[in-house]
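In the two assemblies presented below, chain A is common to both, partnered first by chain B and then by chain C.
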Partner chain A sequence: MNYTLHFGAVWASFDHLLGGLAIGLALAVAAVAVGTVLGLLSAFASVSKSRLLRGISGTYVLLIRNIPLLVLVLLVYFALPATGIRLDKYESFIGSLALYAGAYLTEVFRAGLLSVPKGIVEAGRAIGLTRMQTNLSVVMPVMLRNSLPSLGNTFIGMFKDSSIAAAIAIPELTFEARKINVDTFRVVETWTVASGLYIAACFTIAALLRRLERRFPKF
Partner chain B sequence: MTTTDTARPLLDIRGLRKNFGAVEILKGVDLSLRPKDVVSIIGSSGSGKTTLLRCVNLLEEFQGGDIILDGETIGYKTVGGKRVRLRDAELSRQRAMTGMVFQSFNLFPHLTAAGNVMLGLRKVKKLGKEEAFVIAEKWLNRVGLGARLEHYPSQLSGGQQQRVAIARALAMNPKLVLLDEVTSALDPELVQEVLTTIKSIADDGATLLIVTHEMRFAREVSSRIVFMEQGRIAEEGTPAEIFGEGRSQRLNEFLKSSRH
Partner chain C sequence: MDAFLAQLWIARWPIFDGFLMTLGISAGAIVFGTILGCIVGIQLVFAPLWLRLPFRAYVDIMRGTPLLVLILAAFYIPAVLGLSLSAAHAGTLALGLFAGAHIGELLRGSLQAIPPGQIEAGRSIGLTFPQILANVLLPQALRISLPPWINTGVELIKGSSLLSMIGVGELLLKTQEVIGRNFMTIQFYVFAGVLYLVVNIALDLLGKSMERRLGARQ
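After this line comes the complex of A and B, so read on.
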């Protein structure tokens, strides 16, 4: 029996898919924002002189990177309430993805930090900047610029990982697609359109990041 | 001529000792500079010249001796008979009293020439943006780069970058400027523009402590020359004394070998 493609059923619910895409983007943006802060703190800790801080950063990265994201999301969503912390599913997912992003960004920022020439740090100290001022005004901008390409990869990865939110019934793109699939049995059409939307969104993010890379002064 | 009490040294290094692990780099260095002195330190690599400068700018810790800058003992204090390194805020304040120019320029790559000079003025001296810019413009003009204010380091030649670094150090109005082999990383044809800049700053009355391999320059610009060998000051004198007759065998050999 031949399978004839009928996209009509998918187009009828296209607004749901777009709505899901928007939710996915929002989740990713929120998680990346929190994750960037986590990653920065953890990266600075990982290169600090304090053995305790290095230990905390190392343990964090070790734990989070060795748990599959889906498991982490389920763990946070179902186990956290048992400890008395009540989060709705959005907060819970953003928290999980932020933790996850933070661990990967630790490595990205750590590599960036190690790429900052020691000489410019000394030059900052030599004009009388404190350690904190040197980190903020010299190390951070140079490190961020050097990290930009791998930062882009991580951001795109985080956006794609927002599809995991479907597992806890957040109505993002994958969840909506699955619903359409179940309602219409248009398997190929549904997942083709969903994939197309993911590709279009990732492509746009990548293009925006490339523009950002160009706008920053080259070193 | 008698020296009066008012001629207090601007920089007074007493018995400075520094080691990296078991290796002794500085084995008790005494050196003092009065205001407007221009002192060049010469000596073969590994003699401790650069380390000495870095100790004065507190970029290195040192294990013994005192460095007194304009009457203030810097880097360490004594608490209950124990020698303790000062806190970061104190070290930063003391570092701002000296300017340092590095062999490899070390300009901030994300900031323009003006931005490089302005950073310390803004963050350390807490000046407003306009005020800091006026000072940056003045100093960049002074080193002949008035037309390059908005250029990034990557758009400048080595000689230009080093002149920005000199402007960056001087704009902070330091009591003492440390110059660490500032022409060693430059192409030969760019050396002169940097040396000329330093000469003119010396002529303006800045106090300079210079580590250099440029013997002719040292002779021309210095009020005093210090010859270091194996972590100690082996000889010290006016350029005429150091480069004239009657110097030691060792210094003689060094000067011969450094004449490429």
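After this line comes the complex of A and C, so read on.
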């Protein structure tokens, strides 16, 4: 074992790594934004009275949670064009990750919905709000606040999963790291720096989320 | 559909091999990860600070890094350090290290959920610490950890698909090779997806039934 560390080759391409990190974060933000809409719809469906809606939501969660994300990404990217739907690689990856996030967020929001005290729903109905108004202005804010910690964890998970975009040649952090690795053969340095950047980003996001949680008191 | 079945029949052995490889790698990783996780979990709760810190660092590094990065690192790094590992071994190592951190964290939570009074009770009847661990703490902690442990197994089977990116001939890579020959992209990706689903849903159901049974007992 006579390997000497030379970080110079990695620092020379550090801009690319940072750019890749930004792309990964952007992918995660877009996917979680779309996934939140999917997750909210699916969570309300999962607690609705209609059997059909509950069935659709349950099947969606079961299917997506038990398929590897990479299979989903490749299926959407390579197989969808055969059905006439053409997406570029960013759209296709954000779509796949959003589908994936939506399934996890369904469970997050479902738990949030079940945590809303019955009393405040009844209070909303009692002051004459319609069911829809109660859902929008009473249930939703409380549910979102109670789901915030899990929502944050899901976001961190999706940010880590954005590394899978390297499989369809999106130049995010893992893709750039692999490129530097192959170009320079500074193997240990490259992966240490790449992993360090991911960890730093995850911890920063987690710290920001904790601050956000403190700003809003829990119900 | 007929054309697909004909192609599937031609490709049955490669896909079957890949499927076995996926199961074998996941099994290897869960065994390695569980042994590692038990050590890590116990250290995280009971070790003195100087010993706890390196374990905490290990867990945080593994949990803060994407699995794909761990797999690529395990694939490229051993070679430059003069170790020779096959891609399958490197991948299993990465999955196992990843699982070890998650299971360790899981076990830490379960151990800390046990009321400390039980340790004191064990001491006062004259048990040594290893005896308390083996007879009082671990039986309870392992039981609490069982459902999420099965969930870790599902995550490993899903994660093993990432080994296709370092050229391990597991289910996904074999499927891609088959698609490269017959261009039935949708059919074969969906078929691979169904195989993953079957295994994972079976594990999922097992975990859920255990959760119910454990929940009923408490």
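Just so we're on the same page, the second predicted complex is superposed on the first by the 217 of 219 C-alpha atoms of A that agree within 3 Å, B and C clash if a C-alpha of one lies under 4 Å from a C-alpha of the other, contacts with A are read in each partner's own complex, and residues count from 1 in each chain.
By definition in this document, a contact is a pair of C-beta atoms (placed from the backbone, for glycine too) under 8 Å apart; a residue touches a chain by one contact, two chains touch by 3 or more.
This one's a predicted model, so the numbers in the text were calculated from it and none came from an experiment.
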item: Clash-or-fit label for the pair chain B, chain C on chain A; value: fit
item: Chain B versus chain C as contact partner of A:R131, first or second or both or neither; value: first
item: Touched partner set for A:F78, first chain B, second chain C, both or neither; value: second
item: Contacts of A:E122 with chain B and chain C, given as first, second, both or neither; value: first
item: First, second, both or neither for A:L52, with chain B first and chain C second; value: neither
item: Which of chain B and chain C A:V142 touches, first, second, both or neither; value: first
item: Where the C-alpha centre of chain A sits as vertex, the angle toward chain B and chain C in the overlay (nearest 10 degrees); value: 110
item: In the superposition, chain B vs chain C on chain A residues touched; value: C
item: Which superposed partner A:Y198 touches (first chain B, second chain C, both, neither); value: second
item: Where chain B and chain C come nearest after superposition, their Cα distance in Å; value: 27
item: Chain B to chain A touching residues, read off their complex; value: 57, 59, 88-89, 92-93, 95-96, 98-100, 102, 104-110, 119-120, 123-124, 152-154, 165, 168-169, 172
item: Contacting residues of chain A [partner chain C, same complex]; value: 1, 3, 62-63, 65-72, 74-75, 78-79, 82-83, 160-164, 166-167, 174, 177-178, 181, 185, 187-188, 191, 194-195, 198-199, 202-203
item: Chain C - residues contacting chain A, complex; value: 60-61, 64-70, 72-73, 76-77, 79-82, 154, 157-162, 164-165, 172, 176, 179, 185-186, 189-190, 192-193, 196-197, 200-201, 204
item: Chain B-touching residues of chain A, taken from the complex the two chains share; value: 117, 119-120, 122-131, 133, 137-138, 141-142, 145, 216-219
